[in-house]
Amino acid sequence: MYAISLGEGGAELRPLEPWRAEEFLAHMERGREFIGRYIALPDAVTDVESSRSYLQSYADKAAADTGRIYGIWADGTLVGGVLFRTMDVRLGNAEVGCWLEPAAVGKGLVTRAVRVIIDWAVEERGLHRVEWQVAAGNAASVAVAQRLGLTKEGVLRESYPYRGKRHDIEVWSVLAPEWRSARTLAQRS
Amino acid sequence: MYAISLGEGGAELRPLEPWRAEEFLAHMERGREFIGRYIALPDAVTDVESSRSYLQSYADKAAADTGRIYGIWADGTLVGGVLFRTMDVRLGNAEVGCWLEPAAVGKGLVTRAVRVIIDWAVEERGLHRVEWQVAAGNAASVAVAQRLGLTKEGVLRESYPYRGKRHDIEVWSVLAPEWRSARTLAQRS
Amino acid sequence: MYAISLGEGGAELRPLEPWRAEEFLAHMERGREFIGRYIALPDAVTDVESSRSYLQSYADKAAADTGRIYGIWADGTLVGGVLFRTMDVRLGNAEVGCWLEPAAVGKGLVTRAVRVIIDWAVEERGLHRVEWQVAAGNAASVAVAQRLGLTKEGVLRESYPYRGKRHDIEVWSVLAPEWRSARTLAQRS
Amino acid sequence: MYAISLGEGGAELRPLEPWRAEEFLAHMERGREFIGRYIALPDAVTDVESSRSYLQSYADKAAADTGRIYGIWADGTLVGGVLFRTMDVRLGNAEVGCWLEPAAVGKGLVTRAVRVIIDWAVEERGLHRVEWQVAAGNAASVAVAQRLGLTKEGVLRESYPYRGKRHDIEVWSVLAPEWRSARTLAQRS
Amino acid sequence: MYAISLGEGGAELRPLEPWRAEEFLAHMERGREFIGRYIALPDAVTDVESSRSYLQSYADKAAADTGRIYGIWADGTLVGGVLFRTMDVRLGNAEVGCWLEPAAVGKGLVTRAVRVIIDWAVEERGLHRVEWQVAAGNAASVAVAQRLGLTKEGVLRESYPYRGKRHDIEVWSVLAPEWRSARTLAQRS
Amino acid sequence: MYAISLGEGGAELRPLEPWRAEEFLAHMERGREFIGRYIALPDAVTDVESSRSYLQSYADKAAADTGRIYGIWADGTLVGGVLFRTMDVRLGNAEVGCWLEPAAVGKGLVTRAVRVIIDWAVEERGLHRVEWQVAAGNAASVAVAQRLGLTKEGVLRESYPYRGKRHDIEVWSVLAPEWRSARTLAQRS
């Protein structure tokens, strides 16, 4: 029902709710290997039950206003998504994240989708700081963070155990005033 | 962020979440007397806390997939809404409802909004039966039910105590095949 | 311990609590096919665990004052029961129901048992309206509703999916003043 | 609805549920001083809310099968009650208790009521041991325990702080075989 | 981290938390038969999951201040423990217990450990009465109770079903003033 | 009962449980202004109820193994504490913190206390990474982090709203191998 256009290609951002569990699982099957290179999402979604359970955890976060998840559909197929893994409205902070199956890469979908939800966080919800945590080797995600004008703040050393190794996590962020300035500049040009 | 146009006048259907509690209360203050003629909603929303609490009950229903609420905004002001008071996806049944503050009456907003959410219930969620319960004297709501092509099924006698009197409740409904036929007819003409 | 006579044949109405799970299951085995023609109760009671779980749901409703269940014993055997599937004391409404295994049919047990619990609902608890929902083809239940003096209020079309088909549900009800008048008449004659 | 006769005087044992909160409070007001000499029940029931809350705690125990409460009505007035403060069906143990307002004392109501519920515990529920804990100075309760044929097992020294003093608690009990023998004897004589 | 010396042999009392589940299970395997002669603890700890679950129940009691568990380590091996099966700070009562694997018997570990925790209960927490319930035939436990100066108060007849038989349970206790006197005497001598 | 010496001055690290609420409040009253310069702890502890509630939140974290709190006593007075604000044993990460009332400053108590609990986290619990988040201007805390050999990893810009201003938070950390090397070096010298 709700849908937000992600540009000329017809892709859309929509609610990703637990009743989509089978569709979410099918998407994860297509992107399992690719998505799983840096993030553990595919390990959490291995059958319909775990798929529903993962989406339910975000439905619960939405009800508690402590997180949100959104799916990206291209040509009617769920191909990825963006999320606020955490939101603390009282503190004014949120942590954004994203994923994409391989077929949808290279079209700017995630960049546009993240822009939409940071706009919402900053303008509608009044958050002050949006953080992006990314595994040190994840060049694609780092590129998105850069494209969106985020600032690298530091490296949480060996904080993320994944597939037998502890990875460094880079912390990037953007503050509300920075986000607004960047948008103003973008609109002028 | 999400928004669905309700026609040429710029009105929109959007998520109505607990963080809107103050806006929802202000809307209820404007419509309290008018909305309260037949439904108890205004009695449940009397200050910011009860307003948040009412919206939270629907946030919880959304997380449990047992109900939904949507606000109607006209010219940037929350003027009413539509909801699924109950949804039972396993049984294929839902009960729809609506309310409007006086300034927004007469523009077809509720009719269009209900159409959007019944479409979602029937086409996206696969529900078979959408019910509309309306107090016997509530001519405006009965008119919407008729305009949407619902069928009157009976009267639950004296089932609804409200402001010191027990009211009859009319039950109207539409079944999925009826809904689809009506839409096909509408599109043809 | 508690027991209410259901007439000269020695049948009794008694609490039906979770510790009766095995007895309830055995009863359901005897009546499974017959009871299951119109209601889903037998499908919910298929082993001791589900039997206990069903009775526990009513123990929880009793604690919350939102429902009640009562068993009918004839010659020391559990042969059926009556229940308030829902009770809303604040609104003054309840929905009554019943079931019986074939060996106990035709003795008026259910009619007498329902009379007992409607008396309780109306006189002790002050409920105003008792509703009876019955699948359209269920002639035996309709006959009980008529015998008790209930009024048919309408038909909820295709609201009840059961064994691959969506059934119409008839709504019957009796209001407190009607119930009292009928009893007075009965006592006079 | 349910009621068990407590002898020729017309007194009855009935369910004592949370919706009786006002009646229970009125009874407690009449018996507050007398009942409160040895037990803390009156201190827990001081207004309608705490009265409902106390009865709700027993409604919850009933649902969990870990306790029960029963009221004694004489001439239509709630005058006392008996209870299983705890029940552990798996272990086969329960602890019984009672209280009475002064106007109802001396008629054997409590003795008969306790007999009814121990019968239920032993015969219907299969419990093996029923315990009665009584403050050392509470001669009336000790007399009931003796009249029922219970055995004194020991004294829990200073285990019960009440009104500024720590009281000894006597433990009395009856085992299922003892209970059955006593009944057989009583019936013979 | 925390540790309390239990005398010259190097044994120590330490927190026994759920993350020790595997160590606790290994200990129980060594002592299963011996410990299980009188108490059901080994029956509750049969694999890592039930071991964690048992320890978790005490972690929850600690959080609620209704119980505590402590392990006894000798030469780096978990060999037994002591616990407050229940604590009711408002009433000023607690029930103490203990267990030991065979290799650690005869060194006074339990006596010393119980002394430590009764000291805590009486002096730090202000409890008035500490109870010790022991199966009638459990000579070793009775000996500890005697050594600690507890008083036998009575026998709860056939209150404890264990391995097909109902056992008598002896109740022993010590009151705060008694505990303090005994300690003063011990220190003088 | 449990206590760990913090050096020659007689100071000790002990469990800080909810029943200490009044003592904790009194301590907070003495240190409110000083402690509150950089951390919000004093704002969360303003009366006995909020004090108990704060300590209860850590009792619950302990039961769930997601955090711990420890008090520092000097000459029998609670003067500060250390804590794991979060612990994620599965990920191998924890966040450490501390506070102190002014009278106890300058004696190395916090440094020693933190050393004790990081030892526990690394050696007993197997955590890999211990993080320390400190407001940018909090020189005393930064000094402790440095003294303990932690590494500064970055700055979370304006992430911490406190008393009307958004503060930068420095992230420091130590990894298990670093912690062990530092200790070995210290022991050699």
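Just so it is clear, A, B, C, D, E and F label the chains in written order, and each chain counts residues from 1 on its own.
Everything that follows uses one rule, which is that a residue touches a chain if its C-beta (ideal position, glycine included) is under 8 Å from a C-beta of that chain, and two chains touch if they have at least 3 such contacts.
The structure presented is a predicted model; accordingly, all values stated were derived computationally and were not measured.
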Smallest number of contact steps required from chain A to reach chain C: 2
Centroid-based (C-alpha) most distant chain relative to chain D: A
Mean-CA-position distance for chain C and chain B (Å): 33
Whole-Å gap separating chain A and chain D, where each centre is the average of the chain's CA atoms: 61
Centre-to-centre distance between chain F and chain D (centres being mean Cα positions), rounded to whole Å: 52
Two or more partner chains touched - positions in chain D: none
Contact footprint of chain C on chain D as seen in their complex: 1-4, 15, 17-19, 56, 59-60, 62-63, 65, 89, 116-117, 119-120, 124-125
Interface residues, chain D side, partner chain E - complex: 91-93, 128-129, 131, 151, 153-161, 166, 171, 173, 175
